[in-house]
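Each of the two complexes below includes chain A, the first together with chain B, the second together with chain C.
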Partner chain A sequence: MNVPSSWRVPLLATGIAAALAYPLLVPNYLVTVGMLVFFTAFIGQSWNIAGGFAGQTSFGHVVFFGTGAYTSTILQVTYGWNPWLAWPVAMAAGGAVGWMIAVLSFRAGLKGSYFALITLAFAEVFRILANSVPFTRGGLGMLIKADPRPENFQFRDPIWIYYLAFVLCAVSILIAWQLTRSRFGARLVAIRENEDAARALGIDVFAEKVKVLTLSGAMCAAGGTFYAQKYLYIDPSIAFGVDKSVEMLLVSMVGGAGTVFGPLIGSVALTGINEGTRWLAGIVPALKNVQPLSLVVYGLMLILIVARLPDGLMGLFRRRPKAVPRA
Partner chain B sequence: MTSQGKFPVSRRGFVAGSSALAAGTLGFPAVLRAQPAAVKVGMIHPVTGFVAYNGQQSRLGGTMAVEDVNKAGGIKSMGGAKLEALLGDSQSKVEVGVSEVEKMNEQGVAAYIGCYQSPVGIAASQAAAKYNTPFLIDVGASDLLVSRGLKNVFRLKPGFGVCVDDGIASLGALNKAAGGVAKTAVIVHESGEFGTGTAKLLAGKLPSIDIQAKELIAHDNPTRNFDNIALRIRSLAPDIVMMSNYGNEYMLLARTLYQQKVNVAGFFSILGGGFNYKFVKEMPDVAQYMMDVNHWFNPRSAQAQALKKRVEDGGALFTFEVYLTYTNVMLLADSLERAGTADKEKLTAALASSTFKAELMPYGPTRFVNGQNQGGRPATMQALKGDIEVIAPAEFASAKAVFPKPKLN
Partner chain C sequence: MPDPAILLAGVLNGLLAGGIYVLVAVGLTLIYGVLHIINFAHGSLLMLAMYAVFYLWRLLGIDPYAALPMVIAGSFAFGFVLYRLLIGRYNHGRDENILLITLGVSIVVDNAALLFFGGDTQTIDVTYAGSFVELGAAFLPLPKIISFAASLLLCLILGLYMAKSDTGKAIRALARERQGARLVGIDVDKLFAVSYGIGIACLGAAACLLMPSYYVTPSSGHAFVLVAFTIVVLGGMGSFVGAAVGGFIIGITESLGGLILGEQLGQIGISLIFILILLLKPTGLFGGAR
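Let's look at the complex of A and B:
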């Protein structure tokens, strides 16, 4: 299915208007679901920038998420910082961790599955560290005092956290879009397609990969702070748990890795399926006591998407080459 | 949500008003309007995920209690209003637990009961606080749950602080009676808030009964192999092994220690998630002589024994999740009865001033201070000959403790 270019701006404007109007029209539960869609799309986009655009597949992106969550929470709880001020520091910390992992891994020549595994190892190391050192309170976790005031990065009405997630998602899409138009983005695509060829063209492969992982780490850390402020409690398993890495990877793959809207489309699909099947299990009397069925349906739909749409859901919107008539 | 911008009517107010108008226009027969509306109770448990069994057990207890309240005529002070259970699955995830709170709030719940895991309970009860909806923690050991100053959170059962204190007293008495055979301990705990908090408290308090903690060993959730931990324990050669973890890990660790023939004077767990009938029936040799300080029903209560029989006749096991959630529904029903309304403010006040008698539990009189029941206390149990016996407190004891346990061949 092709989307004519003349439709793109009206479609985008309609999408934005719908997203802005949505929380005014639906109950709080659906506002929260909408917030989850944008938040997951945002952290998915942070993965997509490194894994999709630059081809640096990571299995441990949660290391940046956890770094962001812990940095802002420690600054806030232990040192009394305002969370809004702690947020950019958390992003810088996430970026610094991204830079460190990139320098260590790429200087050692790790790529492909080796790089993916080393990121997983880093995430595990950070989780164990967070479990062991006193300033994170170890396994006890860190509780942020509930004080729902906007200046405190806490909102009584879920509509505001929804809009914040929407803005984060929009900014991440703008960053991804800019990558498709900039020289930096072109260099990343060249690296993804063939690293040796990119090097032969004069691209500083090492520097570009370090840059993109730093950017991706900073973005993901912003998601960590957002999460901590929304749920007000983190522990090592929540902040550095492997399931968050899978979530980021999954929304990008399902939506379409290396595309601007892939993570958002993937997040809409996966969150929709998850919430929809849980909702069905809650209202259909026959399903009430077989709630795990919702996860079975979720899994089956995931298999279908991956099997039938290897380019993700965005593949549905891509222009396909016309069939060459047989001679 | 409050009103936005120029609109004087809130979104929810508009929806409610429209519904009321529609209902009025349609003109339902008066006889239908005379039926008292059901009181909705949100039950959020992890019925999928790595603690799914425990969540399902909680759900079983909760739904049985709702059934019993309704069979007994519902809430009489509310014209016989029935309870209606709304069932939610947290999937062991904080986000999903909070999402369930929001969903059930839209459905008009009067109160929530949940969530088994402390992190989910912390976030979910926080979300419920926004709507001033009472949240009853049925299972959830962390003392953070009731130390945040939230007026809507109530916990009938004791937290890990009380369990550690009672456990230390109980172990101290056993050890003294046995001539002080235990001088060292190794503590194995899950790495989350509940296990870590319990282990740290234990390590700090063991010296008061002349036992030194040689090492604290944390493990992840889930862990599916305890060989290394068992070998480490054997090399440390402690007199007792103390455990604090969830069900599957508890049973796996116990089995591995048995297989590795780790000989100690006793296994003594605090809130051992797997110390239940399932464990002692399926692995009687492994469970034999193991001790646990945990939530337990009052074995001398006829009501508890009757419920146990009903649960077992239905093919399920009478685990602590069943009777804790059952008792919490009864506490809620009692508070609704006294409040005479499902109004959240009045219901919260009724819960806060409750003197509910927890018939099934070995508790003292209910008295909530900052949401924590001061009458809640754990029992000390021991697995003996394929059954579980209460060995302390003395007034509820059904058997005499065997300590130190006989050595393995």
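Let's look at the complex of A and C:
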């Protein structure tokens, strides 16, 4: 972002202070809205690390989300684990699935649209399996027993789950920021911009892509566990449905793929649209169907952004170099 | 393992379904072969055409088969305009961009359908829907047989059109060699839009043939999009013959998968074929080197 560097620290400090004070000042309903903003920004960032920074567009990122959600829920419900302990295992499982998909797809040389489509098919395979095998209880889904104690990863007051989402989001932003200043991140950007050139520079393209999808899968799986603990219920279409994949992709693309704050900006924008359509639906009774209306707006934004604003909303903050006048 | 007679009935039913899949897949493979874009909105546009057929029947009482010429023409026009206004303008740069734009189109179409048509499942009650033809152990619904024959006939007509007509020859030249086509004076941009229009017209025809025996909901597009991509990838992206063979293989796989593995797990066959083909032989059965 081309904010003058002397502003950065005060701007960031104000943002953090506002985020921390926010739930103390608003009703519970808005605390949950805020929680969803940070949670969506977090899973969006997990997509962004692979899709934005490394340019590996995925249409099936939900496969990691669902793996995380089911791993921790099964460990907890079936084997009696504490959910906090199950959380790192869920992340490891998500990382393992990311590693597997990466090794298979990148070994076969899949790129661009083909990689996007194969991730979609993997998510579909996982959805059908979760629907059919006994240990996920099939289409009935899995219910986590409500027992709101912090040591049980359940909170009576929504403020705590809000703060947890805030911390997750902050950590994911730190990871993305680290990518902008590490050699690993630089190699990813090189791969995104031109894979052949990156290989010619001596970058092990395959290894780097496998690494980034493993990291992204583990992060996304952490989001899955968080979601299961918040709603205490998952089923195959929540955990592996295409809607969540699209949501992760949308917040990153709308905010700015490959930027540190893109997913957060995108998440704020999309939540704003959601609440805006809810408000509009209150006034215009014909629009009682809120969810599809806001998705129509998201779809239009995606088209607009791919076509006109490749850097997403973040691109609006950036000073564009002036076009070189033709001689 | 079920009774062989039931398996045979499953194969026949799969063949009938596959016949219509061929039409859907031919549209997708044509768009890919000529424009080199992956039309992720394919399923959603099919769903939209199915609603058009439904409302023509519901509001004007037009039989779905009688609606064929009208819906084909309308779909062609819709595709042509969509290409001219949106897709053609951004058909450049990274190939994921056009995939994302067509994803955006499918999100808009799916949710606009939910908003305007509601989420209910809609079917058409035609008088012949309950007629069956007995063939061995199989009772085959008459509308599926009519649709199967009509679908193959339409594919044949399209194949002849592509082989013999000037427009067809120009499109094939364009698919082979863009720059060369431009140099010999072919209006490239217009033909791109025509090709996209023909691809969507195939969907219009498929919608008319599907509606007498299937149903439509706003999420029907989702159900078809992976099936269509699997057929096209299996046959080889851009290959007409491949789309035809792939359509039948997938129709039978789906039908037998349901019989042997059960309704839920049976759907896995299509996704697995898709993954395995991409991993092991991305050029498909009939595709040349890209």
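Basically, the second predicted complex is superposed on the first by the 290 of 327 C-alpha atoms of A that agree within 3 Å, B and C clash if a C-alpha of one lies under 4 Å from a C-alpha of the other, contacts with A are read in each partner's own complex, and residues count from 1 in each chain.
Heads up, the rule we're going with is that contacts are C-beta pairs under 8 Å (C-beta built on N, C-alpha and C of every residue); 3 or more make two chains touch, one makes a residue touch a chain.
This structure is a prediction, so every number in the text was calculated from the model and none was measured.
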Partner chain(s) touched by A:85 [first = chain B, second = chain C, both, neither]: neither
Partner chain in contact with A:156 - chain B first, chain C second, else both or neither: first
First (chain B), second (chain C), both or neither touched by A:231: first
Touching partner for A:197 - first (chain B), second (chain C), both, neither: neither
Partner chain in contact with A:20 - chain B first, chain C second, else both or neither: neither
Which of chain B and chain C A:11 touches, first, second, both or neither: neither
Which superposed partner A:207 touches (first chain B, second chain C, both, neither): neither
Which superposed partner A:32 touches (first chain B, second chain C, both, neither): first
Partner chain in contact with A:141 - chain B first, chain C second, else both or neither: first
Touching both chain B and chain C, residues of chain A: 131, 138-139, 289, 291-292, 295
Touching residues (chain side chain A, partner chain B) in the complex: 24-25, 27-29, 31-33, 36, 131, 138-141, 143, 145-146, 148, 156-159, 231-233, 235-238, 243, 275, 278-279, 281-282, 288-289, 291-292, 294-295
Parts of chain B lying in touch with chain A, wherever the complex brings them together: 1-2, 4, 11-12, 15, 47-48, 52, 86-89, 91, 93-96, 98-99, 102-103, 105-106, 119, 122-123, 126, 129-130, 144, 148, 150, 190-193, 195-197, 200, 218, 220-221
Chain C-facing residues of chain A, complex: 57, 59, 104-105, 108-110, 112-114, 116-118, 120-122, 124-125, 128-129, 131-132, 138-139, 242, 246, 249, 253, 287, 289, 291-293, 295-296, 298-300, 302-303, 306-307
Residue numbers on chain C that touch chain A, as the complex places them: 38, 86, 89-90, 94-97, 99-101, 103-108, 110-112, 114-115, 222, 226, 229-230, 233, 262, 264-265, 267-268, 271-272, 274-275, 278-280, 282
